[in-house]
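Multiple structures follow.
Below, subunit A partners subunit B and then partners subunit C, in two separate complexes.
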Partner chain A sequence: MIELTQSGDTESSEILRVENLQVHFPVKIPLLQRIVQREKAVVHAVDGVSFVLQTGEIMGLVGESGCGKTTVGRAVVRLIEPTGGKVIFEDRNIAKAKGGTIRALRREMQIIFQDPHASLNPAMRIGDAIGHPLWIHRSGSQSRASFRREARENVLSMMREVGLTPEEQLYDKYPGDLSGGQKQRAVIARAIILEPKLLVVDEGVAMLDMSIRAKILELMLDLKRKHAMTYLFITHDLATAKFICDRIAIMYLGRIVEIGPSKEIYADPKHPYTKALLSVIPVPDPDKRKEKILPRGEVPDAVNLPLGCRFHPRCPAVLSSCGWEGRDFLDLLDEHLSDPKRAGADETILGPIEDWWAKGLVAGRKTGPADAAKITERIRAILAEGPAAMVQAVGTVGLQGKNVIIEFRGPDTLAQTQVGERIVECLLYQN
Partner chain B sequence: METFLKIDDLSVGYWTRRGKVGALVGIRLEMSEGETLGIVGETGCGKSTLGKAILGILPPLTEIQGHIFFRGRDLPRLGLEEYRRLRAKEIALIFQDPMTRLNPLMRIENHFVEEILAHESVSKAEARSRAREALLSMGIHESRIRNYPHEFSGGMRQRIMIALALVLKPSLLIADEPTTSLDVIVESQILEILQDLKRVYHMSLQLITHNMGIVAEICDRVAVLYAGKLVELGSAHDVFHKPLHPYTQGLLASIIHLDTKELHSIEGSPPDLISPPSGCRFHPRCPYAQQICVEKEPPLVEFQKGHLAACHFGDTFL
Partner chain C sequence: MGQDIQQQRIITKILGKPVRYVRSLFRPLVRERRTLPGILSWIGLVMLLGFIFIGIFAPVLVPIQQTNALAYPILLPPNAQHWMGTDGIGRDVFARVIWGARTSLTIMAIGALLALIVGFPIGLFSGYVGGWVDRALVLVMDSVYAFPGLLLAALIAAVIGKGIFNIGIAITVIYIPLYFRVTRSQTLSTREELYVEAARALGARSWTIMLRYIAFNVVIVIPVIFSLSAADTILTAAGLSYLGLGLEIDVPGDWGRDLSDAQKYLGSGIWWTSLFPGLMIILLTIGLSFLGEGLSDIINPLLRKERS
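On to the complex of A and B.
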């Protein structure tokens, strides 16, 4: 284990260090297929994520759904067990901690979920719900009566603190009687009643109306200042993150593609994905409708990850060395064939898309030597419709044995690069 | 010329055990052909009720008063059969959650075939080819037409919903929070599609949303609802640059965008619609409220050409 020096209450004490975190989920496939394929399919939800949280800071984990941000949050508070890597909380690696240890950890770290309504038991009074963690973590020596009294006092003062007033009246209400904003306040009160050091907030304001979002964000900032609480703030909304986060990590398909101080990232985003995310935030002014940089298509599935940089099939600034592979050509071919205007006679020359295969850097189809020349020529023509970077990445096109193939040159190795105070994972910034 | 859509003094009430909920009260609104109108407000302000009232899909026993004239026909007074023929064919609706609106046991193709055959007497083959065309126009390949809804991603499902809503070429499309369950990039893609469609088909679009940002992006005019009442109506430019109602001002100030320097929110929460506040319904939350606001209900007044607001002090914000 790494020995980390205890720095006490100095400003830059490290509270959480995540190193090369991996969370893979097995995919259920039918038995027969499993025997035939002989390989396990897994969803690479989180695939090598590292970051450090300093005491008292708010770090934003931003990305679209399916990027793995929620899984990171859950792995940190150990709602799920990581497949690999380390989660070092206050000098202890808790990645593989078990039952009792995890339960004790919950005093130190808590999580808030997106939907306040679903987070509260509808049959439990608000006061009881907020005090429930006290009950779970009470010490055995205390008598029930004195515990009750103390807990009630504790809950009431917590309710005042989060602005759930008049607290005496609301104590006995049920979640159904509360508005969305009040419910989220109750959830926050419950999460912080044990005075945890780390709070993971998973889309904590996404379900709330704009008009009350600000209040909840202010409350979180307030609690941070008062209790030196540390937050991992998970969101898809870069505008909200900008407002409350000291640092930002942008995630895409299980990896952090850019991480650094908020100021720097918002002022001058480096990764093309970060740029795209920033460009789609609406400007609340009908006179300033701006051009957007929209990536093509949607996030690919996390079972068969794209080669090289995972963003390359959608990237507006893609290079020839970013990871072009066989299936990228099949995607282009599919797009070409499905557009009647462009396809022309290609379906008869090239055959239906189902005849084509892709493996690694190569794509191809079986054919006789007679047709090979014609097919090769069409392939070149179709390639010309694709991104220029893709064409440059093509190694060979031609007949190989019984197949016409198209082979791409391999990608360059992607490495994390320091640019200013941030770290970015993109070939554009590598030497 | 007859108005494309004219809502005249529309009130909708739901009966509950505690009494009548006035979900909409005295709404007056017009929409012209080819226009994009944004309907905005907080949860429970009645914006979804308005969309449902136009389409005639409110729950049974709902009390509806007033008129909704659509190309001269008064919708609440249409017979069931007549209304059925109008839906999807002339007025279509896209809901918030595309997953729950597609039948999970039905192939995508059959959703289209069923809808087309319900409204037009064409052959099944013809219906199928139109389904293929509609999906292609949304960028979904015809090889996937026989797939089931769960085989598509969220963004694709929403595009399928749009294709389904547009296959009969309606003249009015009502989109109720069409992008709320989607990611930011997919949201932008869908908004772009909606704008393209408007240009191509010259279709009118009613966008119901709580997100002022997307209203600024695609709407020509904006209607702001508060507690069942229309409180402001005007061009997107006017409403965003010179909001006349304090509620609209609050909504605009609470938007969190990249240039936000300070967080703002509207104090309190929306009122209970069974016993709404007296006078102006916004007065308990309004920073400018005076005695008159408690006593007298402000009428909707046209303070500038095409810019209306229901506030006693609207002229002070001009």
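On to the complex of A and C.
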């Protein structure tokens, strides 16, 4: 008796464990360039993501567009094969599972895609679409006719459950005849008709307007209570996540930077990126509105990732040890040179930005020894305009062979740190 | 009562798809009726329907006896009784021309149907499976396609012999690659649709995905291929008959053969035996070309838009 409850408490309550998940996509580059470049370029869509889902909880996966949320979802339900890492579903690592095994898993885990319209076959009636999973996973023993009758009943009751009514009429409609909200409901019905244990919802409500959005969210909470379903809820909308999620993981450029209970994260965000994201949620009460600190600059691309913490080029709380590198200096230089007021005569001294190169921690340009002193002096002046942390990170500036170079000191190793009940990946909280 | 509803449901289930399909084809045609491709399609469609009407009702329009040899005096110029005159062996040219429509359309239907039955599934399979199977099939089809059509058809016709059905087969071989190519390229793009990935996420097998999720969305291109190839079919069939490789001698109407028979009279100023069959070939070909070009102009952007 005791043993039973124990095993029930410890093991079976964990339904999904993702460990160091990596998904890299090859970049399509011209053949010639591929020959010249020896290194293979890849998009680091997901680059070392770990989290655990407990049975019956809703975990939000939040982040800006392109940070890899959908890719995590698709890798978890094994629509794509991870490049590395583990996906442990109910104590089984399915990261490298193949065809038949994966098909059998579909009963247990389902995904709802970002775009309900595009994920419905335009040539299939709604009722057939919702019932199709039943046919796919049907065992051969039952006669077709009796199965058909049962499936139809099942579909109709599922349609009632998700609020697709009048169900008899809608059964024979095609997706083109349905409204956005109805299609969303149809997609939900199709995903849950097999009563999966885990449901990945990718922007499940993003395409809907506010009134319907609330209804669909209520519906999902309802389903969770009724069927003890576990959700991985992907969204870029923190307001929605707050409403529905027990725990939240914040993603940035393929990594989770902060993960923990929603309440804690909303009340007191730790990671500077989380703070920035939270500051841009629209707040209804104007008095409460905080200063918006949406990070400056573009999201760096996921092919050539920034050194150290990926957020450091945009981070408002950046330290000297966060990963400053040659590229960051070039960005600063570019900014400086393209502003005519500040650039002054610098273009003639420093040369056009194209003359500069950056490699790892070093940036530099070719020059004769005569100009070196002048260039070094200008570099120091420009550095002074940049973030203070960047200046502190500079190791050497000077002539090295035929190049004037500027070299940064390397970053400190970033590690995941427990802060309260959450895990943060930021040097500010490491000691 | 319950049985009635059940029956009703079965009927809509069987007829629902085709009716929906035809409607989905006509909707853009109606919407585009004022643009050039729309106008072309409508003209072509009306002409084709006219020919189909003539073909179907030929026995009612003119008695078959009028197409027999020696039914009338030979080489009568057009007059009140024989609107298009009579030919070198005393057949009524008007009657021959009308019955010829029936023959041509039959060949066209057989050819198109066979090409569809063979080309569509292969194209679907090839596009969906991809890999070396796909590459091999494309190679085979491309080499057939590169072969001069009439020559290939003549070759096949010479081997398998005369007759409407055999000519249909000979023509099929030329058009299978066309059905294959268009179906394949449409499959390639449909394969990338989200609903296909969604089907995989449901656990569907490849066959199921191909048949239930892709095939139905690829059929939309069939009318375009059909009308693009049909004009050629008519010409090739007429060409084969002209070369004497076409139909048996007792077929009641055969534009190609009539044209070839009429040739020897042209020098003596007898124009009516060649003009009218030739005119029919041209009219039907033009109608089909209008329809084909118009439809492909309308449907292709439609497909492109759907994809984006």
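Basically, the second predicted complex is superposed on the first by the 412 of 431 C-alpha atoms of A that agree within 3 Å, B and C clash if a C-alpha of one lies under 4 Å from a C-alpha of the other, contacts with A are read in each partner's own complex, and residues count from 1 in each chain.
Operating definition for what follows: contacts are C-beta pairs under 8 Å (C-beta built on N, C-alpha and C of every residue); 3 or more make two chains touch, one makes a residue touch a chain.
Treat the numbers as computed from the prediction; the structure is a model and nothing was measured.
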| item | value |
| --- | --- |
| Simultaneous placement of subunit C and subunit B on subunit A, clash or fit | fit |
| Which of subunit B and subunit C A:242 touches, first, second, both or neither | first |
| In the superposition, subunit B vs subunit C on subunit A residues touched | B |
| From subunit A, separation angle of subunit B and subunit C (C-alpha centres, steps of 10 degrees) | 70 |
| Partner chain(s) touched by A:338 [first = subunit B, second = subunit C, both, neither] | first |
| First, second, both or neither for A:79, with subunit B first and subunit C second | second |
| Contacts of A:250 with subunit B and subunit C, given as first, second, both or neither | neither |
| Contacts of A:218 with subunit B and subunit C, given as first, second, both or neither | first |
| Partner chain in contact with A:426 - subunit B first, subunit C second, else both or neither | neither |
| Touching partner for A:23 - first (subunit B), second (subunit C), both, neither | neither |
| Gap in Å between nearest CA atoms once subunit C and subunit B share a frame through chain A | 9 |
| Common interface positions of subunit A, toward subunit B and toward subunit C | none |
| Subunit B contact footprint on subunit A (complex, rising order) | 64-65, 179-182, 209-215, 217-218, 236-240, 242-243, 266, 276-278, 280-287, 289, 292, 294-295, 298-299, 334, 338, 353 |
| Subunit B residues touching subunit A - in the complex, by the definition given at the top | 42-43, 136, 141-143, 153-156, 183-189, 192, 210-214, 216-217, 219, 236-237, 240-241, 250-252, 254-258, 260, 263-266, 269 |
| Subunit C - residues contacting subunit A, complex | 12, 16-17, 20, 193-195, 197-205, 208, 212-213, 216-217 |
| For the subunit A and subunit C complex, residues of the former touching the latter | 77, 79, 103-104, 106-107, 110-111, 113, 115, 118-124, 132-133, 136-137, 172, 174, 190 |
